[in-house]
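Each of the two complexes below includes chain A, the first together with chain B, the second together with chain C.
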Partner chain A sequence: MLDNLQLLFVYAPIMNVQMILDGIFVGAVFALIAYGLALVWGVMNVKNICQGDMVIMGGYIAFTLYQLGVHPIFAIPIVAAVMFIYGWIIYVMIIRRVIDNDMFVSLLATFGLSLLMTQVMNLIYGPEVQTIDSHFPIAMMFDDFVTIPMVKIVSLALAMLLAAAVVIFMKKSRMGQAIRATAQDARAARVLGINTDNIFAFTYSLNAAICGVAGVLVSMIWVLQPFYGIIYTLRTFAIVTAAGLGNLPGVISMSFVLGWVEQYAGIVAGAEWQVAASVLMLLAVLMWRQVQMRRQRQVVR
Partner chain B sequence: MTRNQILLYLVIAVSGVLGPIMFPNYTQQMAVMWVMVIMASTWDITGGQMGYNSLGNITFFGVGMYVSAVIQVSMFYDISLYTASYGAIKPVFTDQQYFVGLFAGILAAGVSCVILARLLGMVVFGLRGPYFAIGTLGVAIAAGQIAGTMDTIGGGAGISMPFFPWDIQLRSAFFYIICFTLAVASHFTIRWLFSTQFGLAANAIRDDEDKAEAMGIPTQKYKQFGWGIAAFYMGCIGAVFGNMVGYIEPVEVAFPAPTFGIFMVAMALLGGKGTLWGPVLGAVLFHVVKETTWTYLLGWQWVALGFILIVNIVYFQQGIMGWLQTKYPEKFGIIVDQSNVQAKEEA
Partner chain C sequence: MFKKYSIAAGAVLAVGLAGIAAPAVAKVEGDTIILGSAISLSGKYSTNGLHTQRGYDFAVDRINEKGGVKVGGKSYKLKVKYYDDESTPARATQLAERLIQQDGIEFMLGPYGTGLTKAVAPVTEKFGVPMVEAEGASRSLFTQGYKYMFAVLSTSEYYLAPVLDIIAAKAKAEGKDPSKMRIGMAFENDGFSLDVRAGVVDTAKKLGMKIVIDDKLPADLSDMSATLTKFKALKPDILLVSGHSKGAATAARQVEEMRIQAPVIAITHCEAAKVHEKFPKFANGVMCPTQWLSNLPKKDSYFGSAADWNRDFKKIHTSYTEVPYQTAQASAAVLVFKDAFERANTFDQKKVRDALAATDMETFYGDIRFAPEGNNIAKPMFYRQITADGMYTPIITQADMTFPRKANY
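Now for the complex of A and B:
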């Protein structure tokens, strides 16, 4: 561990550039997924545990299309459409029936869904690690110390584009206004003639579509494996819990922080700590929130 | 105890004893069934009765497993040498060494899990509702990941447990007896616990924690106590399960948070949470379904279980005991105010 620290800060400080860049690349993807979760959580108060599995599912759809000869970038709209429909089906079958119950029910129902999705993907694609080769060049900088695959830059640009599109959609469009009104007060929105059931369905499907697109980016810059879904879920929960709902700058900055924490934990403490780091960060965030609330004699709820 | 209850206990005792004698090939499966019964009914102490829906009780299962493994081996051998050989060296444990180690291991597992529950409780019991569930899930997954990084206890490769010294025929019967005894002990502990003031306080916390606190109930103490009892039995049964399986590995065997950590909740919900018999009934049913799908739907068993979990939660939340209670409230000693029912029907 000390050797690694020495390597980072004494012998090759240029490696930090690599890690910070990598943190930004993964953080952008986390930010997309976390924004989707914050949307669903804030609008309909559903803690969507199958968030990570939707990401992996989107990735696998792109993987299938890639095997059929479609380039992953062109697969993005197809995946978004498929995931949107999938989200709508899930909403009608499951989420609508648990939405009025206490929150633990929705948590468990989506957990069951997560288990189901994981295992179906495991049956279809097998437990091997898969990735999509999108044939972009790799750039080298600083005497080959820093390698930047172009695909990561492309994915960063795409993530930013999509995030901007979603934010503008939420701010400007009629549907976005209705979603925000429902998030503020579902009952009042219903009184004013908004079909909240439709809004909930749309929000959930939009989240699924966002997750699907994030999954395509993951499949290009990272790897897919059926059982990685739960890790993405925990990461997004850490981000959203730390940032708070409806706090877009907070979500984005926390995503980058999580990306950096994971990169540095992976180098300094060893690769097996990379996953543990994100989970430990979730726990740290929960503890910190607790200390904050206890000062006002409150609890985290 | 009424006559019916004594009869029920007699039936369970007789079937528990006669089961492995009549069907010796299924002894191990029946032992696992009692493990599931313990999981579901200890989850119900905090989950069903107290309203603290933990998704991380599996942590104690795994910690108990590892503590007992370390103690069993290191009482007589050097643990780091043992794990470094990845099972290539098979040190011979004498009869006495094995059984002394096993029972010391089980006891130490239980006690260390109580201590762990005390420490964790200080952190997680400030969280409420879904945050508690997510936090405990995080604890369970972190525990699995951290256990995978520790080389002294085998890291990701795991530990193989000492060999059972007696005849192999006796092995499953021996572990069956331990599991059955622990299940009975845990059942009577919970039964006794909820006949005392603890039961009332737990239900008060479930119904409205702030009001309970305002009434002067030391809620934190009760929560810690309930979780401690659950942790003790989970630790003990984890130690036994590790020995029964014979091989410990951090993610799949010791800390299977996304599968068994959720199944124990599903079992309690299937039977009806917040009741004494619900989790037992749910665990037995779930295990039967699980073993059937394992035999006849090989490859699709996890899918089937996930499907059952969703159907159970979405369409049948109150569980079997809960359904019976609403259907025949008189049988459970619940007095229904008829005027209330009528008012509800009219509204």
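Now for the complex of A and C:
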């Protein structure tokens, strides 16, 4: 561990450039998925355990299109549309029935859905790891030490574009306003003539579409396997819990923090700590919050 | 509402009971010997599970065609009863018990992979059921003192460690000092890969090579760029990776992306991950271990030579371009059982077990002779290097090896 720190800061400080860049690229993809999760969680109070599986599903749809000769970048709108419809179907079939029940019912329902999706993808695509070659060039800097695949920059740009679009949509459009109103108080929104059932369906579908797009980016940057969904679910839960619901800047900054924490944990403590680091980070944030709140806590007699 | 569910539950139960009530099959029915196997037909290992099952079935059909198994002057046919273990160890244990206790199976063929074999072996051992397994390579399977388990394949410490010996010989031949060579390596955090690692650590110590990176990859890690960035900074001479086919694919993708020019790269499961097709730039010069070669000069009277087996298997299963060694060793396992039955000349489990322990035969898969621990010690592991045009060339001595590897990214 000490020699790793020495390597990082004394012998090859240039490594930091790679780490920070990688952290940003990783964080951008996470931010997308986490924002979708925060949306569903905040508006519907449904903890969507199949979040990661929707990401992988989006990736596999892009993979299928890729085999048919569609470049993944052009596959994005198709995947978004397909996933939107899929989200709507899932909402009508499952989520609508559990939304008014307590938290554990929705947890169980989406967990079951996650298992189902994993196995169906496994049946269709098999457990082999699949990748998509986007044929983008790879830039090398600092004497070939730092590698920046163009596909990661493109993904970062796309993630930012999509995030901005979603934010503007939520702020400006009629539907966005209705979603925010429902999130604040579903009952009051209903009284005021908002069809909350529609809003819920739309929110869930929007999340599915966002996951799908993130999945296309994942398929271009990393690899796809039917069983990889759970790590995306885990990471985004850590991000959203740590950032707090309804805190968009928090979700985005936390995503980048998580990206960096993972990269540095991988270098300093070894790859086996990379995923563990995100969970440890969540734990640290929760403990810190607990301490902070205790200071302000008053006993009601 | 509740009533509706209870009716449904009742129906499910009834169907389940009907399944259980079906007549139990005994190990030898009339002229058929029934072997049992829990195999991964769904879940994580379903592809390899299928490779294994096809290997078993191919051998069973061939042996039956050629007159079956002759025991006590009578000819018996072979048959295998399969259950799907869903790639989970707990399920495999359950199914092994079910095969033995409910179905009366007295001879077992192994499941796919080290983890599942580990789950099944205590059960077969407890009931004294002889098992020939073809897919569990971890060294740790053979240190438990199991008396009823036999494995036809080479164990995990032969996967990457001997590559270091070849490299050391090559370095010496080129006038370099092998003890100056440094190793960077990443192994998946599972029983099999960590055993591969243990073999590498021992050999590196023996040769005086220094291990500068020693990372363990989580089972579901799809990104090993942190390890590879470290590799770029430290520039070791040798990169070793083992993590089944997904580890191979992840490594291939990211080594290619980061353009790592290590003089030697050796990874396991190249063929299964199809790195020569999917990552041709990476694959150039990469070394891979394999249990079996399709041009191996070994033969038996049932399958002919290795090449014959390969050709005949492809004739039935036309979807294979390169038949994985997992399938070949599954076929060999069935052949070992047949041979043991005939030598024991009885279906007494204890005597069949002793006959298995005394196995000494040549098969298309290689020679088979078991150590007291149950692993096959007669067959070597083979190493191949991928050429620029995606072909696998065998490395017998250091002279066959292209060193250093030169990749054109």
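The rule is simple: the second predicted complex is superposed on the first by the 291 of 301 C-alpha atoms of A that agree within 3 Å, B and C clash if a C-alpha of one lies under 4 Å from a C-alpha of the other, contacts with A are read in each partner's own complex, and residues count from 1 in each chain.
The rule is short, and it goes like this: a contact is a pair of C-beta atoms (placed from the backbone, for glycine too) under 8 Å apart; a residue touches a chain by one contact, two chains touch by 3 or more.
Since we're looking at a predicted model, the values are computed, not measured.
Colleague: Sharing chain A, do chain B and chain C clash or fit in the superposition?
Modeller: clash
Colleague: A:Q119 contacts which: chain B (first), chain C (second), both, neither?
Modeller: both
Colleague: One more residue to check, A:G270. First (chain B), second (chain C), both or neither?
Modeller: Both partners.
Colleague: Of the two partner chains, chain B (first) and chain C (second), which one does A:Y11 touch, if any: first, second, both, or neither?
Modeller: Only chain C is touched by A:Y11; chain B is not.
Colleague: Tell me which partner A:L161 touches in the superposition: chain B (first), chain C (second), both or neither.
Modeller: neither
Colleague: With both complexes superposed on chain A, which partner does A:D22 reach: first (chain B), second (chain C), both or neither?
Modeller: second
Colleague: Where does A:I230 make contact in the superposed view: on chain B (first), on chain C (second), on both, or on neither?
Modeller: Once the two structures are laid over each other on A, A:I230 reaches both partners.
Colleague: What is the shared patch of chain A, the residues that chain B and chain C both contact?
Modeller: 119, 122-123, 230, 270, 272, 275-276
Colleague: Chain A touches which residues of chain B in the complex?
Modeller: Chain B residues touching chain A: 53, 55, 123, 126-131, 133-135, 137-139, 141-142, 145-146, 148-149, 156, 258-259, 262, 265-266, 269, 299-300, 302-303, 305-307, 309-310, 312-315, 317.
Colleague: Which of the residues in chain A end up touching chain B in this complex?
Modeller: So the residues of chain A in touch with chain B come to 47, 94, 97-98, 101-105, 107-109, 111-116, 118-120, 122-123, 230, 234, 237, 241, 270, 272-273, 275-276, 279-280, 282-283, 286-287, 290, 293-294, 299-301.
Colleague: Within their complex, state which residues of chain C touch chain A.
Modeller: 42-47, 186, 189, 214-218, 220-227, 229-230, 232-234, 245-246, 249-250, 253, 257-259, 273, 278
Colleague: Give the list of chain A residues in touch with chain C in this complex.
Modeller: Touch residues, chain A against chain C: 4, 7, 11-12, 14-15, 18-19, 22, 26, 119, 122-123, 126-129, 131, 138, 140, 144-145, 147, 149, 222-223, 225, 227-228, 230-231, 262-263, 265-267, 270-272, 274-276.
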